[in-house]
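Letters A, B, C, D, E and F name the chains as they come in the text, with residue numbers starting at 1 for each one.
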Amino acid sequence: MSDLVGLFPYWAVIVLMMTGLYIVIAQGNLVKKLIGLGIFQVSVFVLYIAIGVVDGATPPILSPGFNSYSNPLPSVLILTAIVVGVATLAVGLALAVRIRESFGTIEEEDLLPLTMPELPPDGEARS
Amino acid sequence: MIAQNAAVLVVVLPLLSAPLVALIRNPAIAGAAALVIAALDAVLATLLLCQTLDGTVISYHLGNWAPPIGIEYRIDLLAAAMACLLSYAATLVALFLPVSLQGAVSPGDRPRLFAAFLLCLAGLVGIVVTGDIFNVFVFLEISSLSTYVLIAMGAGTDRRALTAAFDYLILGATGATFFVIGIAFLYVVTGTLNMADLGERMATAPKRAILVGSSFIFVGVALKAAMLPLHRWMPNAYAYAPAAIGTFLAMTATKVAIYMLIRMSDFVFDTPGEIGRVNFAALLPPIGLAMLLAGSVIAVTTKDLRRLLAYSSIANLGLMLVALGLGGVAGIAAALVNLFNHAIIKGGMFATTAAVLHRRGSTRMEALAGLSKDMPVAFGLLVLGGLALIGVPLTAGFVSKLVVIKLAFDQANWLVVGGVLLTSLITVAYIWRIVEAGMLAVPEKPRPRRDLHPAFILPAGLLGAATLGLGIWSEPMLTLASRIAAQMIGTAP
Amino acid sequence: MTLPDIFDLARLVVGDVLIGIGGLAALVGALGLVRLPDFYTRAHASGVTDTAGAIGILVGLAVLSPDILTAVKLLIVLIVALFASPASCHALARAAFRSGLRPSLHEDRPPPAVPGE
Amino acid sequence: MTTADLMLTAILLPLAAALLIALAGRSPNLREAVTLAAAAGLAFTVWQLIAGFDAGTAPTIALAQILPGFTLMLRAEPIGLVFAGVAAGLWGLNSLYSIGYMRAEHAPRQTRFYACFALALSAAMAIAMAGNLATLFVAYEALTLVTYPLVVHWQTEGAIAGARRYLAYLLATSLVPFLGAILWTWSAAGTLDFTAGGILDGKLGDGALTVLLLLFAYGVGKAALMPLHGWLPAAMVAPTPVSALLHAVAVVKAGVFTLLKIAVYIFGIDVIGRGVGDVLIVIAAASVIAASVIAMTRDDLKARLAYSTVAQLAMVTLAVAIGSPLAIAAGILQLVMHAFGKITLFFGAGAIQVATHKKKLSEIAGIGAKLPLLMASFLVGALSVAGLPPLGGMWPKFLLLEAASARDLYLLIGCLGLSTLLTLGYLAPIFITAVFGKPGAEDPHALPHDDHGHGSGHLPLLALIPPVVTALGCLVLFVAAPAILRFVAPAIGLGVLP
Amino acid sequence: MTQRLLLGAAFYFLWMGLSGHFSPFLLVTSILSVVGVILLLTRLGLVSRDYQPFSLVVALVIYWRWLLVEIVKANIDVIRCVLGLGKPPSPAMGWVHASQKTDLCKTLYANSITLTPGTITVLAEGDQFLIHALHREGLASLQDGEMDRRCTVLDENFRGKVA
Amino acid sequence: MFAAVAVALFVTFALALIRAISGPTVFDRVLSLNVIGTKTILLIAVLGFATDRYDFIDIALVYAVLNLIGTIAVLRYLVGDKERS
């Protein structure tokens, strides 16, 4: 039981990871894919934070009255990862907007016939 | 001063100048600035190569924090050689980048494109010079993000660039996340992110965690390396990105992924003589052979030159993986020879293709009709590159294939011998499609003889000359590769 | 018991009561979220957790704060929360209404589509 | 000039000529003058090499190292010099003929034609003087690639398909079995250098050697051993001078020459003779007979000649497979004799086409009356190919019979006899139809074929002189054969001359 | 300019309140960042009385005090309803007139309606708000117009000061 | 008391989650998630007090601001979507 509780963050990580990956793979909507990607990335954030936790220690913000802190390194790393994740999401959403503008859809199955490699280069195709 | 700090300047220079270039309003000036910065970076990389040629390993502690706490920039011969490849590629591409953007990307967007280009270079060089595995992830993302933007900029000529960029983004971000999960596992069991340390502490670390961690890393890198079956992003990315960018990516992006495999050979796969590690090396030959076969076969059926070259790149990446999988100093050396030679060969072909695109507005096979008549130099360069891809003697491609086949022969690995030899034939088939399209097909209307735009002559010509030169005088490349490999494995060169 | 002690005790009591009320309000609001019959009525329940819950807990904590800065921060949090709540609630309701979701009304009379009817 | 200089000259001279031809493209006369001058220069250079050859001081020149152990180097040796002499000697004649033929046919892209021709000669010289298998392989591939534009010359759909087939066969065989066999050799022997007595004895078992020999025999696709001969008839879409180049001067010759070199300097004649070559004997003999039979069924003159080449050069492979000095000597002689005989026949067929626009046996009845000298040359060439005295072609057949009987291969002797009959069977009808046939006898349903030129009964002198000269060559070679044998004897360990 | 100075001061105090550190370095860098933010806001065209109604601060505080009481009362109503203690829900929907002239005060009114549990502004079309109420009485009391009146006072106050 | 309030908030989460899962409309789900979001702010603040880590308030503040920005973004998205079609 205590193991189950102690490992709770890792279970959360696994659930989030699988959920995110599933959405990325199974969803045809580009924005939903990005959301899935976001969830997938968040699972990693949780994983790193969970790694850094020290039993009975306080979060790694120096404060009088505490001597035992969790490992700050994973948090620092994940700060970078969060920034990267946000940037990726931003670029992805911007692309989704542009795709919607040029193709009129962000549904993968509607995009598929419009992006076949056999099609002549643009313009001719849009007529 | 500069020589001492070259290790960090080689990353910082393009990284910090990128936003400044984005602020320049005049696209011509911005393009020139990008060229100058790439060239300076090439000088810095050359300095690093000179310093590391004798086996020295430069260790630069960022902010004077000693590793493993601080981030270490660790430049051995492999890193220096890769930095040279990346920065030279950037310089050559920057030479014709502005010209090839004419009519493809609006002038207002160009400064931002140049900035993204420099950022991409910075990210790639960063991956190569850093000694910290989390830093690898960060630089990987910097280069990836700018790559997505760069690919999307191809939407000016073909809107499919957008979906290509999006697909790559999803896969790239997923791959990077896998990579970072892998790092987490390794960090938990070793307590370090410094790759040198990581290698050492791995021996005593719990095996299962290493297995899980390196599996994640392997999948992450496999995505970046366009490893079958995770290759799907690549052909579209190369075909729809602005042609010059496609050239740069072909020369660098997947090469860096192979670099990562080599760099992480300590903990991603077994190195000879060490027992108990996860043996990913065994996976590489079958994957590589499958890529070799699939890439070549699909290349035969494609209708666009850039797509064809992209699928051919998948085949060539397969060859590198095969070489890597053969293992040992010789395997790594063979993979490196392939890596550098292929960057040169494919770079030359993509640059020439960019020149053709600039003149003809299309790289579809039927647009090549009459090429040998009105763009004979371009056609010659394409044929030369094609012969190199086939592996015709006196080209760098022959040397690349020969080292792999010889190694496989010596190991009596008949599957690899047969596979590599047989795929040469498929290569003949798709290269000959180019030859027939350019030499024998009758163009709809005769065109005036206008060969390569001058901006393309130097880069395409240099790469073509190197394709030939390294096929005849292959010794420097072979020596470099085997020295790097020896340093990697830790045996005396 | 000195005056400051009494003051501290009062602070403790008031704070605890406030956060208790806030907690209960949040709980009841969530209960409403589950129990109420349609989206629009549930939106009212969410309003409870957003206002009473937030006010109770944040003001309560502010009262319990060891220093004034913490209290100020808590109040800033409260202000931000109170700004966000109606904006999101309205956005949701409008989106629901525009997408054709109609509330079930007590009197069997459809809501007027045009103002002033 | 030293031997080394001469070897380099022999390779670089045609290379430089190709460059000059490309530059002189705008002036046909200048361009063709360059070709002829280069051919004369090359013939002189190779003659110097042959005349000055001294087995004791034969030097090697290292050119480049592609991989450690895989180096490019040149070395003069008798068999190679014989091949070089044939190729160089016939280039000039072929060029003369080309000028007549191509101008008469108003062929397009002549600059490319002459430049690639020169490049092909350069590659042939490199093959002849290759000092090891690596160099030979490199030059062999180069020869394939530079002859592709020649084969595809007309750029019609048929030409493109034929050239594709040509390339597919030659590259496929060289990139897989040939390169594989070379690497196997390298792996087993540790070297690729051509060494007297071979390098493989004791390195591989006889079974493996048999497989390796077969890999080489089929890897050297240029040798056109059945069933990998398909490229040769397919390449008939090329202009006739190119066919002459393929069949007589460089390409197929380079193939069988490669096999000779491999037999002598990689395997060692004795090694093959002790049974390693037995499987190949059967294949080569079957190839001789089958190709001859197919030749008899072909109406198209050039196709007939193509299958004839398959049959005749399978005899060289046969010689290699028998594996005795005598057999190798027969192979070398066959290489020379077939060159002169076959080029005469091709010149003849091409000249018939230029003069009469006839390409098929069924169409040429009676044309001999207009072209007496040409048909006389044709007859000489045909008889030489068949191996009848007093023509050069007799010698290799004779030696091959000797070699076969020395090894008690009686069935093979029967085969060789049959082959001579078959040769006459497919060559004689051409002569007989042309000279004695009645014009009216030609097939009334024959479709008009597409012509590339406008010649009408007139044969340019430049298209007539070369076949006459080569026919005379066949006569001269009957006398000169012993000299050739003496020249190569030390290299192949041929003791007593017959 | 006054607007900017006031805004700057507000930002500065916000900064200090959040930071809790008063070293000279931070005090100086905070000025820099405040100036930067104001410049950015100016470039975005977001500095104006419409966005930062400083003149209304006092009136707003009075209004908020009243609103707070309303919120508490409304909460009690809804909580009783959820717990099944009071009258059962009688959802109603109807249009309410907003008599304010400025967007700022209309927004204030609409948000006040939504913020008090039991009523939600579903649509805002010109000066008519479509309201959903948990009880008929809630809608009726809005239509009575106490909140509307108070917001209109603020509106007039605001317009008077602007003009 | 902090513990009791924290438990109450967790129960709130659970109830909101039930609604988020059962729907039935997408708006119900978003509403529930919105409630979870705003209650997270409160939870962070309460946990900060419970563990004497008053700096958690800063995190709560950041979370509140992010929530606000997120809300505005969603608002803009919904508006923009309507105007486009």
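Note that in this section a contact is a pair of C-beta atoms (placed from the backbone, for glycine too) under 8 Å apart; a residue touches a chain by one contact, two chains touch by 3 or more.
The shown structure was predicted, so the numbers you read here are calculated from the model rather than taken from an experiment.
S.K.: Along the graph of touching chains, what's the shortest path length in steps from subunit B to subunit C?
M.R.: 3
S.K.: Using only the chains other than subunit F, in their current positions, what clusters of touching chains do you get?
M.R.: Minus subunit F, contact groups: A, B, D | C, E.
S.K.: Going by the contact rule set out at the top, which chains touch both subunit B and subunit F?
M.R.: A
S.K.: So using the touch definition from the top, which pair is joined by more C-beta contacts, B-D or A-B?
M.R.: A-B
S.K.: Just how far, in Å, is the C-alpha centre of subunit E from the one of subunit B?
M.R.: Computed value for the inter-centroid distance: 56 Å.
S.K.: Find the geometric centre of each of subunit D and subunit E from their Cα atoms only, then give the gap between the two centres in Å, rounded to an integer.
M.R.: Whole-Å distance between the two chain centres: 98.
S.K.: Using the average of all C-alpha atoms in each chain as its centre, how far is it in Å between subunit A and subunit D?
M.R.: For subunit A versus subunit D, the centre distance works out to 68 Å.
S.K.: I'd like the Å distance between the centres of subunit C and subunit F, where a centre is the mean of that chain's Cα atoms.
M.R.: The mean C-alpha positions of subunit C and subunit F differ by 12 Å.
S.K.: Would you please write down the residue numbers of subunit F that are in contact with two or more other chains?
M.R.: Expected reply: 58, 61.
S.K.: Residues of subunit E touching 2+ other chains?
M.R.: Where subunit E meets two or more other chains at a single residue, that happens at 18.
S.K.: Identify all positions of subunit A at which a residue touches two or more other chains, and write them in rising order.
M.R.: Subunit A, residues with two or more chain partners: not present.
S.K.: Work through the pairs of chains, note which ones touch, and then classify the graph as line, ring, star, complete or other.
M.R.: line
S.K.: Show me, using the given definition of touch, all chain pairs that touch one another.
M.R.: A-B, A-F, B-D, C-E, C-F
S.K.: Sort out for me which residues of subunit A touch subunit B in the complex.
M.R.: Within the complex, subunit A touches subunit B at residues 17, 21, 24, 30, 33-34, 37, 40-41, 44, 47-48, 51, 73-74, 77, 80-81, 84-85, 87-88, 91-92, 95-96, 98-99, 102-103, 111, 115, 117-122, 126.
S.K.: For subunit C, which residues count as touching subunit E in their complex?
M.R.: 25, 28-29, 31-32, 35-38, 40-41, 43-45, 47-48, 51-52, 55, 69, 72-73, 76, 82, 85-87, 89-90, 93-94, 97-98, 103-107, 111-112, 115-117
S.K.: Applying the document's contact rule, which stretches of subunit A touch subunit F when the two form their complex?
M.R.: Touch list, subunit A to subunit F: 58-59, 61, 63, 65.
S.K.: Which subunit B residues qualify as touching subunit D in the complex?
M.R.: 387, 390-394, 398-399, 402-403, 405-406, 409-410, 417-418, 421-422, 424-425, 428-429, 432, 436, 439-440, 471-475, 478
S.K.: Which part of subunit E faces subunit C closely enough to touch in the complex?
M.R.: 14, 17-18, 20, 68, 71-72, 75, 78-79, 81-83, 89-95, 110-112, 114-123, 125-126, 128, 130, 132, 134, 136
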